[in-house]
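Read from first to last, the chains carry the letters A, B, C, D and E; within each, the first residue is number 1.
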Amino acid sequence: ACGTRAGEETAATESCVDTSGDTVKVGSLNSLSGTMAISETTVRDAIALAVKEINAAGGVQGKTVEIVAEDGASEPTVFAEKAEKLIREDCVAAVFGGWTSASRKAMLPVFEDNDSLLYYPVQYEGLEASENIFYTGATTNQQIIPALDYLAETGVESIYLVGSDYVFPRTANAIINAYAEAHGIEVLGEDYVTLGSTEFSTIVNQVKSAGADAVFNTLNGDSNVAFFREYANVGLTAEDMPVMSVSIAEEEVGGIGVENIEGQLAAWNYYQTVDSPANTAFVEAFKAEYGADRVTSDPMEAAYTSVYLWAATVEKAGSFAVADVQAAADGVSFESPEGTVVIDGDTHHVTKTARIGEIRADGLLYTVWESEGPIEPDPFLEGYDWAAGLGDTE
Amino acid sequence: MDLLVGQLFTGLSTGSILLLAALGLSLTYGQMGVINMAHGEFIMAGCYTAYVVQQAVGDAGASLLIALPVGFLVGGAMGLVLETLLIRRLYHRPLDTLLVTFGVGLILQQVARDVFGAPAVNVAVPEALRGGVDLLGVTVPKTRLFIMALAVVSVAAVTLVLRFTPAGRRIRAVVGNRDLAETAGISSRRVDAGTFFIGSGLAGVAGVALTLIGSTSPTTGQSYLVDAFLVVVAGGMGRIKGAVVAAVALGALQAVFETYSTASLAKVGVFLVIVVFLQLRPQGLFTLRTRSLA
Amino acid sequence: MFLKTRLGTWTGFGAAAIVLFGLAPLLLSGFRLGLLAQFICYAIVAVGIGLAWGRGGMLTLGQGVFFGMGAYLMAMHLKMADAEFRNGPGAVPDFMELAGIRELPAYWAPFSSPAFTIAMILLLPTAFAVLLGLAVFKRRVKGAYFAILSQALAGAFAILLIGQQSLGGFNGLSRFQYFFGFTLADPVNQQMLYFIAAGVLLAVVAIALQLRRSRYGELLVAVRDAEERVRFLGYDAANVKVVAYAVAALFASVAGAVFVPVVGIISPASIGIVPSIMFILGVAIGGRASLVGPVVGALAVAWAQTALSEQFPSAWTYAQGLLFIAIIALLPGGIASVFKRFPTKRTPVEAAA
Amino acid sequence: MNTALSCKHIEVDFDGFKAVSGVDLELARGEVHFLIGPNGAGKTTLVDAITGLAKYSGSVVKDGEELRGKKVHHIARRGIGRTFQTAQVFDNLTVAQNLDIAAGAGRSPWTLLRRRRHLPQNVVDTMARIGLADHADTPAGVLAHGQKQWLEIGMLLVGDADVLLLDEPIAGMGHDERETTGRLLHDIAADRAVAVVEHDMDFMRAFASRVTVLHAGAVLASGSVDEVSNDPRVQEVYLGTAKEAADAATA
Amino acid sequence: MLRLRDLTCGYGRSAVVHGIDLEIGADEVVSVMGHNGAGKTTLLRAVVGLIPAMRGTVEFADPSGNWTDVTRKPTNKRVKSGMAYVPQGQQCFAHLTAGENLRLVADGRRNGKALVDSQLDLFPALRPLLARQAGLLSGGQRQQLAIARALITEPRLLILDEPTEGIQPNVVAEIEATVVDLAKRGGLSVLLVEQHLGFALQAASRYYVLRSGRVASTGDTGAEAQTRVREAMAI
């Protein structure tokens, strides 16, 4: 017997989420092994902290939240497999996690086909909006564009682009090129290295001889260590050629060595040093839970926030059912460590405050510039004329 | 001109990094035929050795000097354990060593993750090695000069030992014919263990040195492994001379490709060049011929 | 031994068919059946490796390349079909818009044809394997050289794909709606995919069995054991090897093509060096020289990985590593060797390479 | 004389060292042609050259066709078979399978891809001829040294080689096997050219139709057994003094 | 010097040599004969320890004449205690030069240089080859190298597996003379596996004939030895 053919309606799969008892299960799906474990284990910790706090405060709808953890093993297919397992075998009400866009794209059909929910906590390249995903990290207009605005404001007239060879840097650089053209900034070079590459002598020498006003860095992970060391060694400094990075957070600074990166810039929505009562509480709780030597970072904060946003939405809807949560999402807000975040019901993204940070000698990032209040998400860059043609997907 | 000189240095320095990573392999793989996929993790162990030593000593300069021999011992000791517990049973099944050591590598990575945490740690570069030296109009980082020097010293040491010492003769004898070596009064077990110790120790040294330019995390080391194997293959199994030439050639090739295209295409280009090269010299640059039919 | 008789063969295939087509769908949930279909794809690759490595002595550390080719070719068709279904002929697949590609690249266009796609899945990887095999084997690159070279090939191929934005780059291709007109989200169709995978597995095993028993199979073993000697008998040993290598590539490609609709994504992460080694591990653990060993090994490895990682999400790699070490170090013949009863005669040890 | 193979001015150079320098050699059907000479004289190297394993200058002609520059397997297909100083058989295959493979160079792909239903007649005959009829299903790896040598010769026979180059075929054999092997060689030489590299002088005296002595890469002497044995130069470099030669003969 | 009791050995699980009892006295030359495949090489490999004994013992006398059980000792220990083995098939360290092949064994011996020199006097043909890679030497050249290598260890028991196989006649004569001479000089026992009946019986004082891994005949190499050996080997 054959099933549904193209064009015919497929009967939605029945959800097996069981809310009859006094617990409710959620999934935590992050890479605990493989190359991405370096970043994603921190997100797992933040999710666990939020769940613990929520339970201590009485749970969601009076039910204790129980985490089912799975390892995405840094492989998109595994993310897809584990997501399906969480939904269909563990019957979780929602899943938190994912980091690379590849893993998110692998999970997206699983969540759509099984009509379930994913809360994705990492800044990404935008141009996506699924009914079944809540994006709690920044989209491009909440991170990259503010970073460019900042550079332009400080008088930068030429930039050099260095990135890892995958979708986020390539899309980011496409946006940067469009922006640069519209704002009279010259792009002097655009180089990509394979993820994990540590060989930067050629690139850094080219950067140096190009003599740009600033470097826009979309390198990911370990490559940053080699890049910044090489950068410092050929005598380039934050004074004469600052580097604006969008993937270096507190966790990475330690590995790079603060002496190699002091004074350089980063663009995020959150730093451990953000001065707000909510953040003080968050940092304290995190250190109490995982050790005083641990630091908090933007993706961790977004993951932490995502659990609270889910809880708040469920409370508002009065139900764990996916349709009810989707319906209730618009306008749900949370007083998060980065400031107030509000869910946008249309795009399933959240409002975020953009911050440019400078890396200081203590290894932490300090805000040197901040957007005037939270920025509305615009994943398809519809509000930017110069970006016309970049994001008219759907 | 500047660019050319720059490329030359880049090639040399990339080459010496490759060489440092590959030198131990040219002993364990080239001489003994063991495809040790955990070699990358031995390099990683060297990195963490540098980290631990630096935590203990404090001063970056002193700790680097201490970490180099300590890294050799740490890498060597790990190799020794691996050899005694597993590889010893597998000498007649060389391709199986690849799979077993791959498993070992997985475990070592997880150990590093559990002991040092998943995020990378920082090993500070000594003051004396910060910054660069201007040579013929290009800036060459001092760290890279140090690594070049270290590569030269390591190669010289290995070559001298293999060529001119009784121990070197024994190693080559056991490699050539295990049973026959036994009948010549040589304990092949001790020699195997010793060879593996040195080869793995060199990985440890490479790890310590590589902290000067790269990151120290559980997956460090993996990135060097495939290139290091290619160096040994292109150079001709078991030929130190071949490894040196191949490493520098591959480094230069990579640097040139990178200048004219992207770094990721450069990798593909290097691979193609190797395939074409093996058309000309199937056994690598330098080969040892024998008259057996194998 | 059992499989040597004609009756044994039929019984074996019958039993396998009953398990695959009868018991498994009955006992497993839809999700688990989907996983089994995925594992079966690995097993299909393994049968090819068993032939090339176990029988032919070629340790192909780069099967991810051929698996990836089949997978990407199928994925291209599925993306084209989806785009055309939504936006009519010549439509650009959704992901391309992200990469800023507005025009359908010329090399994509033919993949709207199912027939062309299937032909390419069968021909392209095979032809590539023949070319590469000729280049390598004619020059007598073998043993560990070949192993390392094929491993580097897998690495280079993955890197190359990551750089191809018109093939989805690092993210790969995903989000397929239809499979030759059938809605992929429908559980009934998912079960159909499982049956396709199981059917392909049986077919591939049957082909491998025929090759093993043929004169070619004997010749292949001869080449494995004494390649040079075979040349002196008037054979071109390189051609003998190329055939096994190409068949292994074909199997891997077909496996990749089935994998894509089953799993719903193909990306460079599934075809590089580490996945290629995983393919090999299954074969080694099952027993490379036997026919069903690779199948059993591939299924067992994949199943163990899933089970372990579900049980111990943060420490399962220890168990995985130990498993590889224990089985390969202690059971040189793989799982299959356990089932061989006392050898009737002194048989020389199977050559390692 | 029915010339099967003719080598003209063969020279093999290993990085400047001339292992074979200017050798002329004719092999005729119906003869067992012995190739002797001191260790290192270049006998094996000469065989290597003829069979395409070593690069050389000069010319090797069989049935009017120049073989220099041809690949190993092409030379083998033209009916030139060889054995090795240490026997090379397929250890994991049975005697029958070994012979069947040797018989099959040039089989069509279709034949290759099918199962062997029954053994070709020439394989069965050859098995009897080399005394391994009882070992059809024995893996070659467990055969005794001498049996492997016979199997190797058998593999050349089923492959229809009509020029056989045998490198020390009786090494390691006992007296009786030597006899058997010698008779076998004589028998198969009836319609083929057989060249034998050997150091066993008894064996040579018993079975040689013609002898060529190599020394330092060149032909030192050539002729009948008697001519060669009595050549003082051969005695000097190879056989030893007449007395020693005599000793060796009685041994 | 050497005493085998009930020695059984083989490959994998199957025995090739069954329950051999054999003894060699001090300064005695003993030859072992038998068809190919009779198990001669296998026996020798067990004596030097390259394959383990499945049953039975190998005993070796120390310099003062006391028997020590070496059944479980690794080969290199047996070699150090005075056994030397020249395997069948002209084996050498192919990737080392001929000179290095010799020095390898001389390393660590007090009079290493002198030992090498005395062997080169014994095998003058080796002198011009010292710098050549051993793997490229001809079979006969390699065989001489192998015997020289064994003698450098100053053995008390020399084990030779078909030492004249593949050697040119005048060198065979030399090797035979050398073996007989070494034995006469005293201080050395020889276990000789040899197919040439003449040499085997001339050099040895006693002989063993193996058939299918068992001793088929043994005795002194007196007048009737030829016929008895031929009889034992026929069939």
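The rule is short, and it goes like this: a contact is a pair of C-beta atoms (placed from the backbone, for glycine too) under 8 Å apart; a residue touches a chain by one contact, two chains touch by 3 or more.
These numbers come from a predicted model, not from an experiment.
Could you tell me the least number of steps, going only between chains that touch, from subunit A to subunit E?
Graph distance in the chain contact network comes out at 2.
Could you tell me the least number of steps, going only between chains that touch, from subunit A to subunit C?
When the steps are counted carefully, the minimum from subunit A to subunit C is 1.
Compute the centre of every chain as the mean of its C-alpha atoms, then state which one is farthest from the centre of subunit C.
Farthest chain from subunit C, going by C-alpha centroids: E.
What whole-Å value do you get for the distance between subunit B and subunit C if each is reduced to the mean of its CA atoms?
The mean C-alpha positions of subunit B and subunit C differ by 32 Å.
Could you please state the distance in Å, as a whole number, between where the Cα atoms of subunit A are centred and where those of subunit B are centred?
Centre-to-centre distance between subunit A and subunit B: 36 Å.
Hey, how far is the Cα centre of subunit C from the one of subunit D, in Å?
It comes to 45 Å between the two C-alpha centres.
With chain centres defined as C-alpha means, what is the inter-centre distance between subunit A and subunit D in Å?
One centre to the other, that is 74 Å.
Could you pull out the residues of subunit A that touch at least 2 other chains?
33, 165, 192, 194
At least two other chains touched by the same residue of subunit C: list those residues.
Only 159, 162-163, 226, 228-229, 317, 346, 349 qualify.
What positions in subunit E touch 2 or more of the other chains?
Those would be 136.
Flag every residue of subunit C that touches subunit A in the complex, lowest number first.
Against subunit A, the touching part of subunit C is residues 29-31, 34-35, 38, 85, 94-95, 97-100, 159, 162-163, 165, 169-172, 174-178, 181-192, 263-265, 267, 269-270, 306, 309-310, 313-314, 316-317.
Under the touch definition given earlier, write down the residues of subunit A that touch subunit B in their complex.
Those residues of subunit A that touch subunit B are 33-35, 37-39, 41-42, 165, 191-194, 196-199, 201-203, 205-206, 208-209, 222, 224-226, 229-230, 232-235, 251-252, 254-260.
So in the complex, the part of subunit A that touches subunit C is made up of which residues?
That would be residues 1-8, 10-11, 13, 32-33, 69-71, 73-78, 80-82, 84-85, 88-89, 100-102, 105-106, 108-110, 112-113, 125, 127-128, 165-167, 170-171, 174, 192, 194-195, 390, 392-393 of subunit A.
Please name which positions on subunit C make contact with subunit D in the complex.
Checking each residue of subunit C against subunit D gives 210-211, 213-216, 218-219, 221-222, 225-226, 228-237, 345-348, 350-351.
What residues on subunit D touch subunit E, complex-wise?
Touching subunit E from subunit D are residues 14, 36-41, 44, 85-86, 143-147, 168, 171-177, 199, 201, 237-241, 244-245, 247-248, 250-251.
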